[in-house]
């Protein structure tokens, strides 16, 4: 079977469980055909999921590396492959290859730091892996703050996990916000960037941020106002990718390939790159 | 090309809903036989037939493609088959120009009353295709079933 | 001609008739001119060029340019004006935003034609009478201008400048042209020979889309070959079928709209005579449905969007024409 | 992913005898997306339908494929079936394994194989089916009839009788049309005015009918059920509500030299006039081209004599916009101009007249009071020559028309007969190519002309008519006698071809109703829908669709009315949802689709789109009116960018079927 | 140095082709291209091929893997073509340099095994240039067209072909051809190369300023304004290596293949929610920035261009890397 060995050639995996998070986000649990976790990864890394004939797309792995049993992907319905994924039922096979990308520096730069996670909408997906990793190795990091916002309560991804686990954990503070008031919501209402400013975090924290480009832009401005430096802020981003190996040229921005040199960037590094994301 | 005894051509017949599809129904009602190689696809009018569909059929393994519609002047939509006629004439001419065998494509006007003509047309067309042999010039090797 | 074009361009900008001029810019060599937009008379005087190598048809640029603020002046050769009119017929160009200057033309010279004459390392060329004196890295050569003409210019169909606001040079008329000679030669071959001919030509295709992107008739917002929803999208020919498919569909989509400007064959990096496909359809339409020249006027209905009850049946093809 | 149910019908033994239905059901169960597959004796039976409905609910089906008889048979049935189970009726596809399979194949193996493939194609298609909803569009319960001749009048009367308001737009100051100018009618020889004018009066008195005379359609918007039509009512400088039609003004008007169009210019009228005695509305009108007051401001006689004070020199054209559910075109015909037929000396001698002019010369209300006199010298003509087919049945159609004008043979026989009856001392010659007399009592009528009245019918062509010494020298050939004839005639009457009224062409453009090459309106189907235009909501009445005599015209007028009534009784129209739909993001606005649409369903709008870098681009894009589109798909192929697709028969659906069949 | 009579080139080809496949630049339907040698096929008279030699290592379309799908199950099946040993003869110095550039992408971790396979099976026989075209500028990129690299370097001088092995592979090939003669290669004449109009292009400047300076240059607007967005420059370029991966559902088998792609295409970076390079300017800039700045930044200053001049000859509107490089350097277009 050596003829099948190339990083472009995927393995077959099985979707064992599908959870509906929000009206347009589902979380897929994936294992290998042997029933085991198909690959090891670093928080922030991605993998290529595909259905032959439909297409292949890159998704961040949202489960924590500390989960020994399976991988999870939280996927928003927005294109060809994601539409297909949203239509399948458990028991469906898919193909999988990866992991790809650099991941967050959880075992280096983050160690011992107070961490501030800021996410908007589906932007929580890549951060969930880091947050759960940090929670698992709680002793190695300082305080953890999580600011998470979405359009409405229904659009909050992993709401159950947030309420049941994150909110109850010592040393973890969760700040939830939604864009507009709604009857069954007694939490904060407002956009993430403003909320971050209101919360006036201590500038010693290391920030990990993911969300839509506008959110990133305004939150960053807010953080700088508070006195944060760009080299304290990490983000992860998504571009069209095909090979995920740094060769096909699609995710090339400046002299970086997002699939290989990213998807995690420190914002001071990003300042050296063209604004083509 | 020698006639291959075992060659079972795939033939796609696009039939307009109002005349030719009904004509095909009638040939069924009258139990008029024609080869099972012919598979009918219903389209509202002959003018719905995009040249791309014909090429697609050849790509996917068809050996012959025939379009059947209302007789000129009898189109349910008054003018559809006139457009279809021009389009098919030019497409067939272009295919011929590119060296694709002329007999692989055909247009035939079959009314709802012409069950017998439908069957006869399909018999004749199938025979023509069998004589021509398998479609090689417009095939896509990736679509061949191994 | 060169001077009159440049003067006109500068004058149009200076007088405020237009705010931009679409013309050609000088290159590294004398022949590698690039279509360019100029916004001042100064730019025109320093950078603009008009010479026998200004082959590119500028009409298609007007689709985008005429959507912008202000009026743009454009220099069009007779063959370009057919595309200009055809695009207007298809509502693709806002005529009131364009000041069209027709430039009469004696045929454009083509590097491919020069190379076909065996010239290598061409560094300069000048017209002297009916001849072209070509300087190369290996010395000077004189060739008849006629032989250096672009292939399409050798069978020029018309010197008529359609729908121009102004004309430089004389207004011309339609020319007798044997542009269908090659089509007829192909028609005279056996189907097997034709198949072999097109296979060897089309198998050269690298699907760079230059023919499509330069074609004034291929002005679709999104080409079916780029549209995943079309069912025929493909990027490269993975099979000989797809090589055929792309060119058949393209020829068909521009049937009745193709003005035979010849840009497709001019730009093909692989030297495929793509115009022979379009010309075949033009010839057929002329023969079967009456003479029609796309872009010659504003009123006539393209043959593919018209019919007469007396049109011939498709069987004239499938049964063979002329008893073939 | 789709959840598709497959139902294979035995149709008793009709299918099951040659197709192994169980095997078909089993094989199709393996197809992607199929979650349920079964077979049953009669799917169309109550039990079969319930089976389908239960399966839809139990298996949460998102698509249904029924392998059974032709969709032309039971598609509607099964659509209702699935709809009752809560599934959109358009998520159903039928594989025709009876007419197209079991009934034409004898070998069970072959037939079964084919049935599987047909089933596969239906499954492949249904995978891509989208739920479609039939739209409803309201119907304005008012009709517009364009043209107030006998066709328009009859249509309007019938519609009005059924209780619907109807407007007649007539371009002339009075309704009545050509029939009002005719003397007698064939084959009964009863007086045209006697049968027409009562109808004109009926129309004017019917409270459901509004006659808008001296008016023209200016603009048409909308579509079947809800047209909005703007009508230009031309200034007649007489207040219609005040004028009593006493006619005093028309006697006093000093401008006497105005050619009288009602008599085809054979006599004169005044600048203020009532076209004829029985005109409806009987209201005077001022001809602005001749009225001295309107031209130079000097005169005002009519205003002075009018006791009702109806004259209004300041009157302006008036634009009326009204809503209609249906439009009937009844624009009729006119004789062709004869300037290309110089050989008959029409322009050289006043004694060469057209048949319509001849009608006026014979008419008691005509310029001669019904006495046949030569226009040149008022003398009694003794020798009259009729020339048939002037401009009809012309080869190539360059000089005249290629078609037969249909009515000339009969009216010429009528004319010949009338002359011979009134003036037995005359000799009447008729030169013809063929005499065509299909119609009830028509041939008998013609034979009477020949046999009883002694009209000389000569098969042959008139070559030349030369006015000479007060006579008309007619050179002709007698084909049957094989000789050349020279006749010294006193009058020559030309049976001029008839053609559609000149206003028809621009009107057709406004209505987006198609016309043939002769400018006759095209019918939706030449046999089965002869009084409808292909454009929904546009109906055809009378000679605007093709040459017709009066009985035929009236028959068609009533037929058109019946169609209109059938439309207006509905409160709303259900449109088939299988209509064309453009993808605006891909549309080039090139108008290719519009040019091939037989229904005028496509229009264009300029629409803003998001361009790159937060710019806005205004682009012209096609819009399809689903109420008008009939779903033929011509536009989808004309569209080069593939922006236009047909719902229910989309490109992808058809290609999926192709793929499944060729697999 | 080994020698062979130029007049008997055909028999040299036959000797090579006896053991493995041989590709030579020959005219195919009027277009010079690397073509599988069969008896009777002769070398093109053209200086170089229309498409570059990269095709032989990175073909325009290449099947990667096949899938069979039944119900919810997926089966992965081999789909790659077996590669045999082959020889390319007549590769010019510029194209030969392009292999280094392609290697730096495809052979860097993770190695592209499809490309690597072909590279390892190939023996490259280069051919020195003596009659350049006016569009040639390989000398500006530090390439000596008269001393091409490759496994075997060849010179056609007077009536003799001189061959010199540079690698073990080349050595092996030459020693498999015992018929070769021996001779001394005469001095090459470089004078024509000094007359090349584009010999003085300066590509060193691109390493001298930060990436963003070049990116933000004002020249991009006017340089890109008439770009048609076609892929002809990309596809004839020996160093362009962007590709797309797509599936073709042929019914029974779904084939996953890769094919050349162009960053000039509007859909190159198109995603469901839009593209990050919305106009041709950005796409145009990407291509040239990649060649002149990004690639050198990542690969020790190696410019992503070999000066073959194909884009100068093939661009429908005569826009090319020379014009871009000059305009960028001067800061005005």
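As written, the chain order gives the labels A, B, C, D and E, with residue 1 at the start of each chain.
To be clear about the criterion, contacts are C-beta pairs under 8 Å (C-beta built on N, C-alpha and C of every residue); 3 or more make two chains touch, one makes a residue touch a chain.
Just so it is clear, the structure is predicted and the values come from calculations on it, not from any experiment.
Taken together, subunit A and subunit B share the touching chains D, E.
Chains that touch both subunit C and subunit E are the following: B, D.
For chain pairs B-D and C-D, the one joined by more C-beta pairs in contact is B-D. Ranked by how far their CA centres sit from the centre of subunit E, the chains are topped by D. Comparing the centres of all chains, each the average of its CA atoms, the largest separation from subunit B belongs to A. Between the CA-based centres of subunit A and subunit E the separation comes to 39 Å, rounded to the whole angstrom.
Distance between chain centres (mean CA atoms), subunit A to subunit D: 66 Å.
Work out the mean CA point of subunit B and of subunit E, and you get 46 Å between them. In whole angstrom, the spacing between the mean C-alpha positions of subunit B and subunit C is 36.
Contact with two or more other chains is made by residues 80, 88, 92 of subunit A.
Among the residues of subunit D, those touching two or more other chains are numbered 596, 638, 651, 655, 659, 662-663. The set of subunit E residues touching two or more other chains comprises 69, 244, 248, 251-252, 255, 261.
The list of touching chain pairs reads A-D, A-E, B-C, B-D, B-E, C-D, C-E, D-E. Subunit B makes touch with subunit D in their complex at residues 10, 12, 17, 21-22, 24-29, 31-34, 36, 39-45, 47-53, 56-57, 60-62, 73-74, 76-80, 83, 87, 119, 143, 145. Contact residues on subunit D toward subunit B in their complex (touch as defined above): 70-72, 96, 98-101, 103-107, 110-111, 113-114, 117-118, 121, 514, 522, 524-527, 534, 578, 596, 598, 630-634, 636-638, 646, 649, 651, 654-655, 657-659, 661-663.
For subunit E in complex with subunit B, the touching residues are 248, 250-253, 255. Partner subunit B is touched in their complex by these residues of subunit C: 183, 186-187, 191-199, 224, 231-232, 238-239, 241-242, 244-245, 248-249, 251-252, 255, 277, 280-281, 284-285, 288-289, 303-309, 311-320. Residue ranges of subunit B in contact with subunit C, taken from their complex: 51-52, 55-56, 58-59, 72-73, 79, 82-83, 85-103, 105-107, 137-142.
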